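Chain lettering (A, B, C and D) follows the sequence in which the chains are written, and residue indices restart at 1 in each chain.
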Amino acid sequence: MESAAVHQRPPEHMDNPYQPHMARIVRIHRMVPDNYLFQLRFADDSVVQNWEHRPGQFVELSVIGTGEAPISISSPPTRKGILELCIRRAGRVTSALYRLPTNAMVGIRGPYGNGFPVEEMAGNDLLIIAGGLGMAPLRSLLWYALDNREKFGTVTLMYGARSPEEMLFREELLSLTDVDDLNCLLTVDRDPTGTWKHNVGLLPSLFQKATFDPNRTYAAVVGPPIVYKFVLAELLKLNFHKDRILMSLERRMKCGVGKCGHCSVGYKYTCIHGPVFTYWDAINLPEIV
Amino acid sequence: MTRTISVDHLARVEGHGGITVVLEGNEVKKVDYNIFEGIRLFEGLVRGRAVEDVTQICSRICAICSHGHSITSLQALENALGITVTPQTRKLRDLAYQGANIESHSLHVFVLALPDLMGHPSAISLAAVAPDAVKLALRLKKLGNTVQEVLGGRAIHPVNYVIGGFGKVPTTDQLLSLKEQLKEGLEDCKRALDVLLTVPIPDFVNEPIRCAALAPEDEAFFFGNTIEILDGTTRKRIPVSDYRTFTNEHLVAHSHAKRSLFEGRSYMVGALARLTLNGDRIQGLARQVMEALKLKFPCANIVMNNIAQVVELVYSVEHALDLIQELFEAGYAAETPVPYEVKACAGAAATEVPRGTLFYSYEIDSKGLIAGADVITPTAQNFNNVEDQMRATVTQGLGAGASDDTIAQRLQIVARAYDPCISCSVHLVRV
Amino acid sequence: MKPKIGIFGLSGCWGEQIAILNCEDQLLDIIGAVDIVDFLGGSSVNDAESRLLVSFVEGSVANAREEAKIRQIRERSDLVVACGSCACFGGVSAMDAPFERPKVIETVYGSNGPIKSWDIGPHRPLSDFVKVDLAIPGCPMETTEFVRAVSALLNGDMPLMPTYPVCLECKMKENECLLVQRGLPCAGPVTMAGCDARCPSHNIACIGCRGPVEEANMASIEQIFGDKELPKEQIKLKLRVFAAPVLDRTEERG
Amino acid sequence: MKILKMAKHDLDFFASVLPAFGEVYAPVQRGKGFVFDKPSAWSEVRMDYTRTILPPKKLLLPPRETTFSFDPDQGFTDNLAEASKPVVLFGVHPYDIYGLNILDRVYAEAKFPDPYYIARRRATVVIGIDFVPDDKHCAGSMNADFVDHGFDIFLSDIGDDYLVLVGTSRGDDIVVKSGCLMQPATEADFAEYKKRSRIRRDSYKTKLELGDLPEILEMEYNSKVWDDFGARCLSCSSCSMVCPTCYCFDVTDETELGNRAGRRIRSWDSCLLRTHALVAGGENFREERSSRVKFRFYHKQRGFVAEYGRPSCVGCGRCVEVCPAEINIITVIETIRGERDGISSSAPASA
């Protein structure tokens, strides 16, 4: 049990996992109030070249001088060069970010977390279920699947927002409702505008619009706690395997690399063992939902 | 026809106060120095609290004199409980007083009063034209704060003073480092003198001032058991334990602060009063400064109080250096507070805080709880004197044909020359 | 243009205004970065009307004049910062009195003095009257926290204030625990940190000058003090020196 | 492992060679307690100390640490040089060395090794000594009363001599540097060691059963005892601050006045504090104090076992010493096992 790392690796040759790379905000897309999409490009080209991530992974975003916050990567690994983050204005760091103009620099480190087990999911049908901001990490998975369409069976997206104005990536998703190789089901809780042409109703109501073979489908669910509550019940009703229901968790995080302790659920760390957990994990980690 | 000259809200004094002068033609009908600071009732609030808890509370009477309040409160408690502190504790407390004096006087002279003398509304605007002078003042102020922090654990509302001594005495290293900083401070004092020599001191010819201060019993200039009053050329002495026959507190309608009169007449406490009574003790650089700035006694020009503060500031830097030397010579060591047992008792104490004589007295019950408390601050004692000086200033101004605005201006200079600390004056009398 | 700020004092000991002046090393930088347009304690020329980015307010509200003042300050300021425990929690003047307030006033000022005409009320925290954007507690507030707050506010960020108790900093300084090892009534476990455990570092039990942490477990600490054979009334008196109005509120909440 | 011996009276001389290997920290008295500090004279060093207020983690994972500074024009400057200054930590008890080995697992050996920790750990010579347990130590129960690695040199009392275990080549350098102080240990020395080891093992006044503790913790997850502990807990965080294996930290940025240049600082945090699991928008995953007390013990005695095969508690007794509310490893385990009726309301363990 000799501490190999302690006695062999000279720190001089080690990456400092806490020190971010600088990235430029190349575009800010004001999708909905308090939910902007930030497109970033690393200042250092070698970082751009070497960057790799999996859908469902996240980065630690720094507004230097204000602090850091964990943010899911919304862009798929298949689209290189630009990193997209869909960020809700929630507190100090995100507010400071919202004050920055295009071309300002932010710090990025990562990618962190396990991400979705895309290799294991390959060859199966895919059911992506997003509620509200849950679309942020799932958009990466969605485009990964569409860009690697041959690797998956049927692909279904169920996405619920409170109203059409609050739907993230609305134009992009609406344009996907016509494509053949994706079953794109969108719903809003209510439609004050009266112009919404798709489903109106809570997210679980979309289950009537599709059928699944639980033996060859992976479900990826991300959303606020209420979404888990109802969606999980539906999936269990449909006899989904507990280890084929994947969910992504949010916890407080200060490091992203399994040290600071804040993101622990039960005895797992969201940043290392997660943020993607199976429903079976969830049952066994008492604090999970 | 009646008219009034008023200053609604005095600026650059600590607390909330105003001045109202009522005139009928050239006759001064009334001069009111009003204090409308919210009343804070300290003597009422400490009742029923344990002896070890009251000092920290009374410190909150005043931020600037908080070290003075704390130590005077402790000495009153110690006098009551019959505790004698060690010579080392007494010296360390004396050292803390020098820090308080350095801090308070540099704040008052340079930040609150000097702008007046140099025709500026504030030290902020002064900083734009005379940045070096302001930096110098801030350095001296910081020096005073550092001394207070080392001794009291905090610059404002010290935490380290307890009955019988200190929670934790400063380490030798801390004292050595203070010594170095004080030596640099002495150089700054010389620079300050150069600045002050260029400042015109207005001549306020006022009535002669009756002065009062503690009579020092040893080299500790700010401690003593006897009050000494200089009235014309006679000196009267009253033991501190009889301080009430000296302060004679009473209320007036226009102020939340109480007033003092000795033998029916106002008197002054503070730097000028101290030097008038005990200026012959001043030696070294402080004496040179006193001579260079032409401070002579008796002095009827109240603005010279600021000059007296400068002299004391220099004295305090020098005395602090001496004290550290003496502490080491006497074999400096960590001491724990003198232990005590509570009993029913009473006691009073007075010390000279930067603004003058501060009195404390306590009655303690057999369980060690406070049964009565009395605090009389220098500002409260000075109020009547300030009003007298203001009246003289108005009369003088009217005689010289000054405009009401000029008179109002000069009234403020008088108020600020006293270094009033209004917030501390609002509470008072025995319970 | 430099942001305009104001510094105000209500009923207090002037501790925060002195604390601001005690930032000797940063004072000129602060003056360089902001325009202090209204500061009665420091300047005799003041602009009492103009819009302010931040108002730093010391002291409690103790009378109608001060209540009007704090409302006016709120109206003209983007941000109101309560400085010091009087502004944040009511402070020492709001501590428990041995008897009802009229009686206390009477004992201090006499029964038939001119006090009847005075405008005097109990001391209340600013938040009883107006929205407070940031509280910098402390009696007095720490100069370091003030400077840090100014620098965060200038960057547009809300300053981060400690949310943890004094014990955390006390342990960081490796002090021997006065409560457990010496049986002294130390309020550190329920008191907001940020002072670097000043008192325990001087062998003095914390007296709670920075006010309670948000979830202060008063019932438990009272019991623990009780186990140290302190009389019950003294326990309450000791724990309620700096923030009695706020503690009353927590207790009402349950 | 090289095993030698050294006469006790030669310790002063041995100590005199240590400064060549780094700044020496050793147990000295502070108040009635002890701390690892720079002794001003070797005579101050207390070989008989019970436990220090803070464990050695304070030197490897400092309470407040600038990880790097930043400047809009110059980018980042890390603070690794500062972290690489050589230190000799003398007189560490075995459970505290065990504590360091556990920190190694998380900070040095896991994914994303922590460069600051590693720099310090590499720069720190650890010289261990054995100890006599008091009633708060339960290192025996936690299997942390003897260590086989994680130190450079370990000294065991065998009467007039110390048995000297040399754990690393750097430790051997120190042995060499101390000249002819050390002699080969003999059969008799080993016998003496074994005799004393037995006595030591038997001298624990506190014995806790770990066997099926993870399972019992699972069974008692919804137990009311946590509410009782939660009602008493002050959330003062003392227990985590002094714990050799608590390593949570918080991260904050500090800027200079009127500037975005500044520092990123990490400082000790605790899962007992209200904000530990609080996220933007006000949701708190461990809102109740009881859930936080539970989490701490669950993490040490259940979670860590699942992840690393042993509890992260090393039985140093520090939480027993510091908790004003008597919530500690002994009271919790005994209560959860139904072997005591929770905590009393009378005087805490260390009156």
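Keep this in mind: a contact is a pair of C-beta atoms (placed from the backbone, for glycine too) under 8 Å apart; a residue touches a chain by one contact, two chains touch by 3 or more.
Values in this document were obtained by computation on a predicted structure and should not be read as measured data.
When chain centres are set by their Cα atoms, the one at the greatest distance from chain B is A.
Interface comparison, C-D versus A-C: the pair with the greater number of contacting C-beta pairs is C-D. Averaged C-alpha coordinates give centres for chain C and chain D that are 37 Å from one another.
One simple way to say how far apart two chains are is to compare their mean CA positions; for chain B and chain D this gives 51 Å. Per-chain Cα centroids separate chain A from chain C by 43 Å.
Chain geometry summary: the mean Cα position of chain A and that of chain B are 65 Å apart. For chain A, the set of residues touching two or more other chains reads 65-66. Multi-chain contact residues of chain D, defined as those touching 2 or more other chains: 252, 255, 260. Looking at chain C, one finds that residues 155, 160, 203 touch two or more other chains. You'll find the chains touch as A-C, A-D, B-C, C-D. Residues of chain C that touch chain D in their complex: 26, 29-30, 32-33, 147-148, 150-152, 154-155, 160, 163-165, 167-168, 171-172, 174-177, 179-181, 183, 188-190, 203, 213-215, 217, 219-221, 223-224, 227.
For chain A in complex with chain C, the residues that touch the partner chain are 65-66, 92, 95-96, 99. Interface residues of chain D, counted against chain A in their complex, comprise 67-68, 70, 72, 75-76, 78, 80, 84, 101, 104, 106-115, 118-119, 121-122, 148-150, 168, 221, 247-253, 255, 260-262, 264, 266, 269, 271, 276-281, 285-286, 291, 295, 298-299, 302-304, 306-307. Residues 9, 11-16, 36-45, 47-50, 53, 56-57, 60-64, 66, 107, 111, 115, 121-125, 127, 131, 134-135, 138-139, 141-142, 145, 153-157, 159-160, 162, 166-168, 251-253, 256, 412, 421, 423-424, 427-429, 431 of chain B are the ones that touch chain C when the two sit in their complex.
Chain D meets chain C in the complex at residues 30-33, 35, 53-54, 58, 63-64, 231-238, 241-242, 252, 254-260, 267-268, 270, 273-275, 289, 321-325, 345-348, 350-351.
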